[in-house]
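After this come two complexes, each holding subunit A, first together with subunit B and then together with subunit C.
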Partner chain A sequence: MSDTKATTGGSLFTPFNMVAGLILLVGGAITVLRFTGGLGAVTNLSDYNPWGLWIGFDLLVGVALAAGGYVTSAACYIFGLKRFHSAVRPAILTGFLGYALVVFALHYDVGRPWRLPYPFIVQPGTTSVLFEVGACVALYLTVLFVEYSTAPLEWLGFKRARNLVVKLTLVLTIFGVVLSTLHQSSLGALYLIAPSKLHPLWYSSYLPVYFFISSIIAGMSMVIFEGTMSHKYFHDKMDEAHLKEADGVVLGFGKAAAFLLFGYFVIKLVGLAVDNNWHHLATGWGLWFLVEMLGFVLLPCYLYAVGTRDKNIKMIRRTSLIAVLGIVLNRLNISLVAFNYHLPSSERYFPHWMEIAISLFIVTIGVLVFRFVVTRMPILYEHPDYKDAH
Partner chain B sequence: MAISRRKFLGWMGAAGLGATVGKSAHAASNKHFEGYPDSPGVLHDIVRCVGCRSCEAACNSVNQLPPPEQSFKDLTVLDRKRRTDAKTYTVVNRFETESGGNAPIFVKNQCNHCLEPACASACFVHAFTKTKEGAVIYDESVCVGCRYCMIACPFEIPTYEYDKALTPRVMKCTLCHPRLLEGKLPGCVEVCPTEALTFGRREDLLNIARERIRRQPDRYIDQIYGENEMGGTSWLYIAGTPFRELGKREDLGLTPAPALTAGALGAVPIVVGLWPVLLTGIYAVSQRKDKIAREEQSEAIADAVAASKEDAAAELKKVLAMKEKEKETAINMAVKKALEEAAKAQEEEAAKAQEEEAAEPPQDDPESKPTEEDS
Partner chain C sequence: MDGNIFTLQDFMFFTKAITYLVIVAALIAFPAFWLFLTDRDE
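And now, the complex of A and B:
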């Protein structure tokens, strides 16, 4: 691939690099504007709409799509599904980058980012769901960093440190699942406090459960989707084990995701029934809700199931994109579309182009760092010195 | 993907436990929080309000807020609906409702100073405090600027200084808390010319409100807004028209904001306590399964090896026995032959001797030697 060459000595001026470079330049300029002119200079946020795209997409979607790390490592190390082993490292890397970028993005969104550690070192507000989110994200980012560190340690040749980290694998994995359970669900619980602002079709006391279950679906779908991309662009970096196991990972996660999507659909129905919200289905909001539930939950569920039955790898890979988009849609619906549904359209929020540009900027940084790492470190292959099957 | 029974049970356990998240922790408790005893509040009698905006002007001056774009004397600002913003802690809006005979009705809006404030519950750095003087106050020295308080507030009161790059603050009415500590009235209450605002103990205010409703049932509807909304507020309202027509939401429910998230927060220690046990259990089960599979495999291999060894030994024994027999036969045959030959030779010798005796000397017979047939 031409863009992998760029990092290995080829021409720097590939189309991909030029676009990425442009995004970075624009992002840099907006960054200056943000920290000199305040949030008002670059966002459409208002007193009615204090949370915009940077929370809806960068935080909620970012954290959900970074769930592949805990899902894959749990499947491999806790549930003992060893054939997922070659998928663990790329998933951990994506998770680590995802969370690091979430925290990075928060620095743009909060008013005084240098105070982000205040809840932990100055004055904890333990009654806040956001405190739980913050504490778990901070701890989990650390766990992911340690889990991921085996790759750079192998790359740099620090054998003893690397072996120490490998010994911690099980403890780190369990810790990671506990923290992920907590903060993935708490992101949904953030909205529990505002029943009067979130449309009843999306508001439910089960929101934490919905967020947790859908994060598992997001994690699996993301592993499949990202594997598809990696096969396209980094095929030469994959070793025999990775290539041999890749189809098994797709089939395994495809099948599990089909089951989970169905379960998710059922508990969403339970939520509708518990709050007796059926009558809302006949409204415009109901139509939009059905688009999400049928087009982005039941459809990928069906396609995953058929794909697994027919061992149709291509179909499962394509379905993963629908499932990922479904997660994006769900999180944006809750944070932006169905939030403040009661306000007149003149008071509703639509992101400023500079907010979109910063979100793009952050995703681009993620892709570039991912490329930097997989073209250098043992992510898609096992380091020849450490063939000991971890 | 093959799912074993044990694995399936493990997953079911995990799913069942997850489903317990989100139930109210309140349900198990018979405690009811009623706020600080004797804490003061303000009663806003909407029927008495004439929309003069003196309260807005007083609020602006006692809180040293930036001067307004239009003078407080200019009543044309009432032509559009306004909300609190970073430069305005309180606003008066004009409503014309059919049930009110299309006469102008003026409603003041500001922080309601909830008994159990959503903003204070939501703040992850504990920047908000409900004081015993009734005010919900804000400490800008710790505020990170996450704006979750603004998401949480059901009355959409807190505002943010979006234009400040380095020191943006959340801005909202303080019930003139510093003035209360000095023994003074809130600025808006002090200046109100029509006594549309009354400051006092919340309990007393509720009685005053009920008394007014009782005395003039044709002027007031029988409802005190703020008595129970989301657990109750320090500001109370009475009016002659339904509150939903005056920009006040009646669908907020009676549950105080902290109770809405208490269940989710209560699940945290449960997850922290149980998840490691459950996960280690699943790990142990899968390890044990692997171990048993490995043992069964090696046992099967050992059995197979032993069986084939036995077979080989038996085969060898058979072959050896056969050889032994053959050898024996050969020896026997050789012995027999030798004996026969010996006998023959003896006979021949005897015959020869007889012949010798009778005629010429005897000759060697080459065929009489014993032959080696096999070995």
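And now, the complex of A and C:
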């Protein structure tokens, strides 16, 4: 994506396109292998480790980083912070693609895609946390699709349908916040069932709260990060309003993320205190926990705060990458690194290269679809027919 | 301190005491951090 030719109909054989094409080819071949040979053919999953990278990264990280949709639309439409309006559409698009790819990735792990609706029509299992996660993700994906649909409807010129969807904005935003609160926290609640498997430094009865609060931080950081990338590669697609509001979005979200990271650090300390886990800090696991807490929670908190104070946009943009990586690290620690920590190393899980390739394949699809949409539809600019219509 | 914990009562007393201290520290730190964040706002 290093040049804009790829986005404006120039040569197809750019370095980005060629790398992306190679990833798609390899991913396609592994996809065939997975659905014909089963999980054993492409993964290192076992009875000890039934959830691997596809759950830890594609699902847990994917859902957390897609939180920008509900965070931004809630800030704009529920809290009335209209100065963030230009960030709503890109955030909704990122959220929609994120959730769509989460569901897509889940097929690789679960298999038998035709059974996806089973929880709703055959065997509900309504007492299961997984059912709640499944129901919320399905409903929220629908909500995001409807929220996002205004852009393609404007692009295709379906004015009446577009106006109808716009009238539903507030209801959809409220749905989005409710459903996100439910399933973001429930993803943490999934691990409450395994107190003996998850290392005590990461296990806490507050896991649902940690997942929910960190998802808001992830959403804000992702909006800043995605905005940074868009400014770099799709600058020519942005209209005046978008360019004018961009710094305000970065400063506002940077300030909120700093305060939230501080609060997140405090509730993590409370978790340590309540379970009396201080003595674990003096172990190797403790050192790794401190890397996460100091390097990827307190450091971005401080950098966001200093960046906000000094109105240093560049610093906030760079910090958003640290915060996003912190979320990735946290979710991978909980689902893979600190999970089954008591097992001998011979039984520990490390993803097969084909698992990593599929995760890369899915991220690449996301980037390509994002580029396709942003270069064609009114995401980073307002459609001329609907200027000042909101 | 861990060596002095024999009963659930001991455990709850110790952990609650530390938690309250963390919360008190947080209640002082939150406004201070907020002031640090916003004192240059116009």
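Some observations on this one:
Everything that follows uses one rule, which is that the second predicted complex is superposed on the first by the 382 of 390 C-alpha atoms of A that agree within 3 Å, B and C clash if a C-alpha of one lies under 4 Å from a C-alpha of the other, contacts with A are read in each partner's own complex, and residues count from 1 in each chain.
Keep in mind that, in the parts below, a contact is a pair of C-beta atoms (placed from the backbone, for glycine too) under 8 Å apart; a residue touches a chain by one contact, two chains touch by 3 or more.
Because the structure is predicted, anything quoted here is derived from the model rather than measured.
Considered on the superposed subunit A, subunit B and subunit C are sterically compatible, since they fit side by side.
Put subunit B and subunit C next to each other and count what each touches on subunit A; the higher total goes to B. Once chain A of one complex is fitted onto chain A of the other, the partner contacts of A:266 are limited to subunit C, with no touch recorded for subunit B.
After overlaying the two complexes on the shared chain, residue contacts for A:255 are found with subunit B and with subunit C alike.
The superposition places the C-alpha centres of subunit B and subunit C at an angle of 50 degrees about the C-alpha centre of subunit A, rounded in steps of 10. Of the two partner chains placed by the overlay, only subunit C lies in contact with A:274; subunit B stays clear of it. In the superposition on chain A, A:13 makes contact with neither subunit B nor subunit C. When the two complexes are overlaid on their common chain A, residue A:185 makes contact with subunit B while staying clear of subunit C. Once the two complexes are overlaid on the shared chain, A:193 sits against subunit B while remaining clear of subunit C.
Taking every C-alpha atom of subunit B against every C-alpha atom of subunit C, the smallest gap after superposition is 7 Å. Annotation: subunit A residues 255, 263 touch subunit B in one complex and subunit C in the other. Across the interface of their complex, subunit B is touched by residues 35-41, 43, 45-48, 50-51, 74, 77-81, 109-113, 115-116, 118-119, 122-125, 127-132, 134, 170, 173-174, 177-178, 181-182, 185-186, 189-197, 205-209, 212-213, 251-252, 255-256, 263, 267, 342 of subunit A. On the subunit C side of its complex with subunit A, the touching residues are 2, 5, 11, 14-15, 18-19, 22-23, 26, 29-30, 33-34, 36-40. For subunit A in complex with subunit C, the residues that touch the partner chain are 255, 258-259, 262-263, 266, 269-270, 273-276, 279, 305, 308-311. Against subunit A, the residues of subunit B that register as touching in their complex are 1, 7, 10, 15, 18-19, 21-24, 83-86, 118, 120-127, 142-148, 150-152, 154, 156, 158-169, 249, 251-253, 257-258, 260-261, 263-265, 267-268, 271-272, 275-276, 279-280, 282-283, 286-287, 289-290.
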